[in-house]
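Next come two complexes, and both contain subunit A; in the first it sits with subunit B, in the second with subunit C.
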Partner chain A sequence: MTIATDLGARPSRPLPFWPMVWAAALAAVMVLALLGDRFPALIDYPAAAVVPLTDWVSAIMAWLKANITWLTRSITAILGVPLDFALSLFAKNFKIGAGPEAIVLPRLSWVGIVVAAFLAGRAFGGWKLGALVGGCFLYIALFGKWTSAMLTLGLISIAVPFCIVTGLLIGIWAWRKPWAEKLIVSPSLDLMQTIPTFAYLIPMLILFGNSPVSAMIATAIFAMPPMVRATMLGLSRVPSEIGDFSEMAGCTARQKLWRVLLPSARPTLMVGVNQVIMLALNMVIIASMIGAGGLGYDVLLALRALKVGEAMEAGLAIVALAIALDRLSQAMARRQARGHVHGDAEAGPFWKRYPNLSLALVVLAATTIAGLFIPAFADVPKAITMTTAPAWKAGVSWITINLFDVIEAVRVALILYVLNPVRAFCEGFPWLGAVFLLGLAAFQLGGARLAILVAALTAYCAVTGLWEKTMATVYLVGISAFISCLIGIPIGLWASRSDRVEKIVTPIIDTLQVLPSFCFIIPVVMLFRVGDVTAMIATVAFAVVPAIRYTNHGLRQVPPALMEAAVVSGCTKRQTFFRVQLPLALPEIMLGINQTILMALSMIIICAMIGTRDLGQEVFIALSKADAGRGIVAGLAIAFIGIIADRLFGAWTAKARGKLG
Partner chain B sequence: MNAAVDTGLSAALARPVDPRPIKLACRNVWKVFGPDAVDWIGTRDGRASSADLAEAGLVGAVRHVDLEIRQGEIFIIMGLSGSGKSTLVRCMSRLIEPTFGTVEFEGKDLLKVSDAELIELRRHRMGMVFQNFALLPHLNVLENIAFPLSIQGIDRAKREARAREVIELVGLRGREHFYPRELSGGQQQRVGIARSLATKPEVWFLDEPFSALDPLIRREMQDELLRLQGVLHKTIAFITHDFDEAIRLADRIAIMKDGEVIQTGTPEELVVNPATDYVAEFTRDVQRAKVISARSLMRPCAGGEHGGVVAPEARIASFSAGIVAAGKPFAVVNGTGKPIGEVTPQAVIDLLAGIDGRGARP
Partner chain C sequence: MSMSSRFSRVRRGALAIAAAAWCIGGVAQAAAPESNDPIKIALFDWTSVNLNAKILGGILEKLGYTVEYPTADYLSSLTTGLTNGDLAVAMEFWDTTAGEAMKASDATGQTENLGPLGPKAKEEWWYPLYMKDKCPGLPNWEALKDPKCAEAFSTPETAPNGRYVGGPVTWEGYDDERVVSLGLPFTVIHAGTDAAMFAELDSAYQRQAPIMLWVYSPHWAPAKYKGEWVQFPEYSAECYNDPKVGVNPDAKYDCGKPHGDIWKYAWGGMKEKWPVAHKVAKAYTIDTDVLNAMSGQIDLDGKAPEDVAAEWIAANEATWKKWAE
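What follows is the complex of A and B.
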């Protein structure tokens, strides 16, 4: 820490220390690379010395599986009850008894759910939101995805409350016990948020089997971190006077927490809930690989059979569901943040206090009962559903016939001139050199502790025998993130200078952000088939959002007074931008780049489904073979790439912030 | 340090000893922030200078404070920002634990009571009003005010009846169902006051309750407080950094500087007899006629004719117009009607013109 900061504080040293160090380091690595011909162990970690971590993890998992079946069985049984109920309620009908004389109670009527969605939207955001949310559900019904979508929704409806309650409790614990936060919760959250989604599936698959319950558990674990963070943040943000008040009013510790602090933190908690819902949706789609069913499964099947039309249709249904859930939960969060307003009917009967809720319940009950007699209420009638799959297919055929040459040229050019050279460079990079250079960078940015962490994590990737695959991942992530920034930062800059552009860009990136990562793959696969190019394009589309958002936000939040001061002191427009606005916005922009890298990483891993050859593929294969050791070890390697990038950028941003004071 | 400075005047100023019992007292209370502060001050047995503190790298937010607040008294703690007022009051209410010393509530050591007893004390006998109101955003006015009762487990009908009583008292009728963010600052603080009164506390802590309000509303709220006190007779510890506010409200004032109480006394004592230059500076812009009483301006009767009579406690401002118009001295008479001295028109004019020799500032 000290050396780096001391030198940073005094840049006008006679001898430019760091540039010299870097020159020497690069020269050393070059020598290392040249020696690689004679000593291949310098480039590729020697296979003989690979630590058999995979076997160890597999052994542990096998032992767990053998010895805690009673536990996993009972968990499955317990969680299966509410889950079954929800799935029956939304999608599957209730079946009581077995065989032909089983009594079948109907699921909720689709008409009722569409109306209830509309009413919920209206209650939280007026007619416009009501129309949007109701419209999304109607779209799902009319385009024939109702049952799949309701399966997905049913899973979410159980996973999300579970997540919220557990996240809340963990958040409270971490807030109460600073040591727990520092030693357990924060590191776990960091790791959880960088471990790829696939890696969650593997232990669940092994412990709980291929079932909706294991999908639900994976979803709940994956979606929990934002709730924990929101709880800790919300509680620490409650004004200290309110805490004092509760003590002076004579609250017990429990009353203070549950009746004063948590309700006061509600706006922040609701933001966490929104994030939980969106993450849960994302994960439920991916968890279709271990038995979640629903829309994700439709996409998966269609992609496997290369039926782009069907995949696109299911993908659009996911989009509709995502937009509906996001807008609805955001409206709820916003209403909390705006604060309460007294209404006319403060007291009074239930239906007067909650008119929308009461109406929704009545409509749901009425239509569901009506469904017993009128089939059109029970199931979406075939006659009114439509399918767009042929249209998509025709469109793709037209494009492939007419634009094949262009697309192919782009694809080949990208592969030949961009992807392959970078790939070759990355894969030929000596592992020892990477450990050394990254460690050095970490030392310069954050001191010895960071250097040790970064070097150790990098070494992990080599020592476990995954070096080549790691570099294959790094190369794809690097290129994708770079292109995302190349596109995103200028757009963000443009948006920051023109309100009109911002108005156009904001809804687009808002929507891009809520879409589950799966959805990005489908249209690209249609055009570019499978392979690295597709992965790269899908990743860029997915990861460009934070680059735009943070650039725009960072530039806009520079206090106008500072810019005016610059103008008054005679700066030209250019100077004002480069000397004042940009430096002040830089930390925020770097944060955006950091986010872009992390999102690119998570997307690249999912792209293993379309045939990349990297760590993602490793996890994907492990998943299909239920090979816990292989999957978890590779999953950790991916997480470590994310953590290294995040820590280095974090240290860099902190330094830039420090300089600004 | 905080005893009245011994001058010839002190005899004249001396009032009968306050017969009211001591409700709340601080005995050599310290609050020192920093690592191992408790041991540090403990080994010194509650004696340390600011140089000692600075050397140990500690922050002495409150230092050897001795105070006695009597029942039914409005006791004002004032000082500049950062002088330790809030910290002192938080020690008195035990929101934070003092590093050293004792706090006595009706002669009982507050720092020794158990958590359960403390909760009971706070539920029934203490109330507090906060600078930024500290209202619960998710409850409406009625629920906010009933909240302290609700956590005691009092049933809904009863606590709402009580809440409506105090709503009436602070003049918020008709707003029962408003939420805090729908109210103006003054109204919010009325809710804060009503809420702290709902439990009928005996001791009432107010930490800069009116500082977040604009001047007009602030005056209105001060009048409101005096009106309430006229009805309720609470023991009040009131924090402010505004000397005018202190003078309007106070029975007695304690002036704090850098964590120490440098003088305690009635507004008049502080004005007439500032213990240090710092206090004098504070009292400098006060309208002295509103603070100084006939007792401290009188001189022995010269035997001449009197134009009127006044009580020894009467503020000069209350009879200055009359005495100047009459052009003759007024007799100062005690309770039995016996003259104990007289106030001359010239003395009053001098005081109004600010050329009063007594309690002169440097």
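What follows is the complex of A and C.
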């Protein structure tokens, strides 16, 4: 709060208005807290006045279940057709008929897919990319995760195009109709990105059934927003001259959009596509809980049996898949951005125009047919697979036996002197005071409308009877985000000043981002026991990524000319950094902090698996009790915390940007 | 992998349909499958349930049915997938952890309880044997009332109370209540999942460090780690419902945890759609020791569940053929 005060006060220095307002406000809240002994309703929202939103949502769900299941089930059936096809093609074989006399057409051979992946990489990024992409697929095959990885890939291969098409259409609609963007699309995107997926798994199960299709829809809900945002951004960024020119050339509105504007926006759109792929891979574990199977299920199963090594291997297979798809789609984006070279590609027969594609098709067909006769082509032979699982297990055991006492001392100190006091402070914070203070901050940063939004969202958490759990969430997220920034910003700074450090840091944070948090949460429990410290460490490991990334990026993109100007005008190194580089990079760094908070919030659910007592646990309990209302109400509270943080930070960043001019 | 073994078998079928025909002639003594729609047997996230699913599925495939194994969530499947036929059968619902969920499922009237699986579920406070040196009165629960004994189980943030790692809050364990009603100087820490719980056990066991936690059976843990269950006063329904019953006249839950059965559940429509498969699923039982041994083969020796299931099916052909008659 004090930081906000300083920053906001600066533009209006002559009037010490805001500091005085804040002093008065804090004093008022203090009085409120002291009065709490006599009027407990001021601290904890009175139970009698809780709005039974949970029951309402459950009632709506029951109605939906009875009345629109026929519709949702037909959607399942329709979407199931391409999905089944993809799953059969990659993983399951085609089966025509039933029982032992069924005719079976084999799935694609693993050899063929590895070669095709290599060729795709080569086509878009040369030998080096080809080797990387092919190598990732080979890695998956050699570590015995082939069938699971192909189930995951099959799901992704349908979910991603689905997200892209739907996202594109929604984005265009929102771009054309500003009212739709403001009233419908923007708020929905915010909710889709902040509501934990667990919260809507039960409605998914009820409406779309326990099948890969529900998993796909859940994945789509989570992964689509970047595509919509990229479409809106890309279209609005197309220079108006291009649009004008197309009109002059006599394009109809439709031609203008599809032939001119969208192709011009392609680089931004491809960034969206890349994000969709990454987010879809983030969902594989959760999708496996409602019928997707695949790598996510392998991770869950291995962890239930405490097979740390196997879980790690399955997790790394997800990372390999992510790296392959990420690099490939980025290379495609760059290729598209450079544009087509017309002429040479237009002439000649198909195989001459697309040599890589043709070769890939031939290899796929040949190896798949060969698989009918040579089993080694159909399934990865067990003899060539390997495992590193024992090494992982031995590593964790070694640390457990040798370092536990040191770790235990750190853990106890953290719990007793940091976590418990902060927790007590948060949980004792009066709800009325929080509504008031956050509203005031919003008013200072963004005006009356923001203030009303923030105060209303805060009040929601209290009115639904979730105040204590909300504050427990704020405590864990706040402290984890703070520590993430404490670690991440210096690392980002270091990386920005040395290319070598950046080269080392980048693959590590890429892995941290894609590796399912489940994989490392159990080893952390072995070292840090069940409790808040474990939850905090797991959260920090995930949330530190944007802090590093944005700091590095922000500092690096300061124009060199400005730095040179500073040096020329006689600044010391120190002055150049603190007076020029840092202020210019500040908006970007703040965006990183904002993202860190949102990432920490998204880990709340996963931390519920190690026994926290916050909103995440509430959603988790709702999931196992199949209580749709309870899950959605708590999920919304989590989403609102995220939206409040996002809006306040956004307003603050905008102010800081405005000051920079 | 589940898929590969099934597929290699099927692929052979595709290549030599004659061989497949022989297969039908050899095995199927029941009527041809009433419906070729796949029977969906739920997989959850622990070993024994998946093994049972694979055994039942293997039997049904031998009888000519098409079987699929979708992954599902344990408790919520009772009121979602099993009520509408997304799942046809699920093999393990424990009295001890799914009591409320099963009641809710029965209330929908759209599921069918197929009877007990066979093994008895047992769960209770559990400690590794090496802790007996520090607390000699064990396994009698009254030993835990001794402050010295409780302290042996403590960590700095719970001291002087002992630390007890309980299951997820959804597991109906009533440990918070038990600690109060029996006057035990212990602090209950809820693990969010049993994976987290057993991770703590594994870590503590390697270091021979103090630990008291909730362990259940059938499970690989009591087979892998040497330890004992605390002997609390015997459970009774009255003890949970009536304060007067039990050691403490003023409190409920002043006794141990219930033992119970493990139940199989089916979608209500299964009986009409696949009568023979329904009969097999209903008759399906398995011996506790056999199940523990087979779970051990998977979890400790690293065998694939499909292979273990296939061995059982081959060895017990007479048994399951009788179920289908």
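Side notes on the structure shown:
In this text, the second predicted complex is superposed on the first by the 590 of 661 C-alpha atoms of A that agree within 3 Å, B and C clash if a C-alpha of one lies under 4 Å from a C-alpha of the other, contacts with A are read in each partner's own complex, and residues count from 1 in each chain.
Keep this in mind: a contact is a pair of C-beta atoms (placed from the backbone, for glycine too) under 8 Å apart; a residue touches a chain by one contact, two chains touch by 3 or more.
Model, not experiment: these values are computed from the prediction.
With the C-alpha superposition on subunit A as described, subunit C and subunit B fit side by side in the combined arrangement. By the document's definition of touching, of the two partners only subunit C reaches A:Ile401; subunit B does not. In the superposition on chain A, contact is made by A:Ala305 with subunit C only, not with subunit B. Counted by residues of subunit A touched, the larger count belongs to C, out of subunit B and subunit C. Legend: residue contacts after superposition of the two complexes on their common chain; A:Lys655 is shown touching neither subunit B nor subunit C.
Residue contacts after overlaying the shared chain place A:Ala626 against subunit C, while subunit B stays out of touching range. Legend: residue contacts after superposition of the two complexes on their common chain; A:Lys95 is shown touching subunit C, with no touch to subunit B.
Once the two complexes are laid over each other on the shared chain, residue contacts for A:Phe245 go to subunit B alone; subunit C is not touched. Minimum Cα-Cα distance between subunit B and subunit C in the superposed model: 44 Å. Overlap of the subunit B and subunit C contact sets on subunit A: empty, with no shared residue.
If you check the complex, the residues on subunit B that touch subunit A are 90, 93, 95, 119-124, 126-128, 130-134, 136-140, 147-148, 151-152, 177-182, 196, 199, 205. Of all residues in subunit A, only 239, 241-242, 244-245, 247-252, 255, 259-260, 263-264, 266, 339-342, 346 touch subunit B in the complex they form.
Taken together, the subunit C residues at the contact with subunit A in this complex read 1, 3-4, 7-8, 10-11, 13-15, 17, 20-21, 23-24, 32-33, 36-37, 42-43, 45-47, 50, 64-66, 70-81, 84, 86-87, 100-101, 104, 155-157, 165, 168-170, 189-200, 202-203, 206-207, 209, 220, 299.
Taken together, the subunit A residues at the contact with subunit C in this complex read 69, 91-93, 95, 97-107, 147-148, 201-202, 205-206, 209-211, 288-293, 297, 300-301, 303-307, 372, 375, 378-379, 397, 400-401, 404, 408, 412, 415-416, 420, 521-523, 525-527, 529-531, 607-613, 617, 620-621, 623-626.
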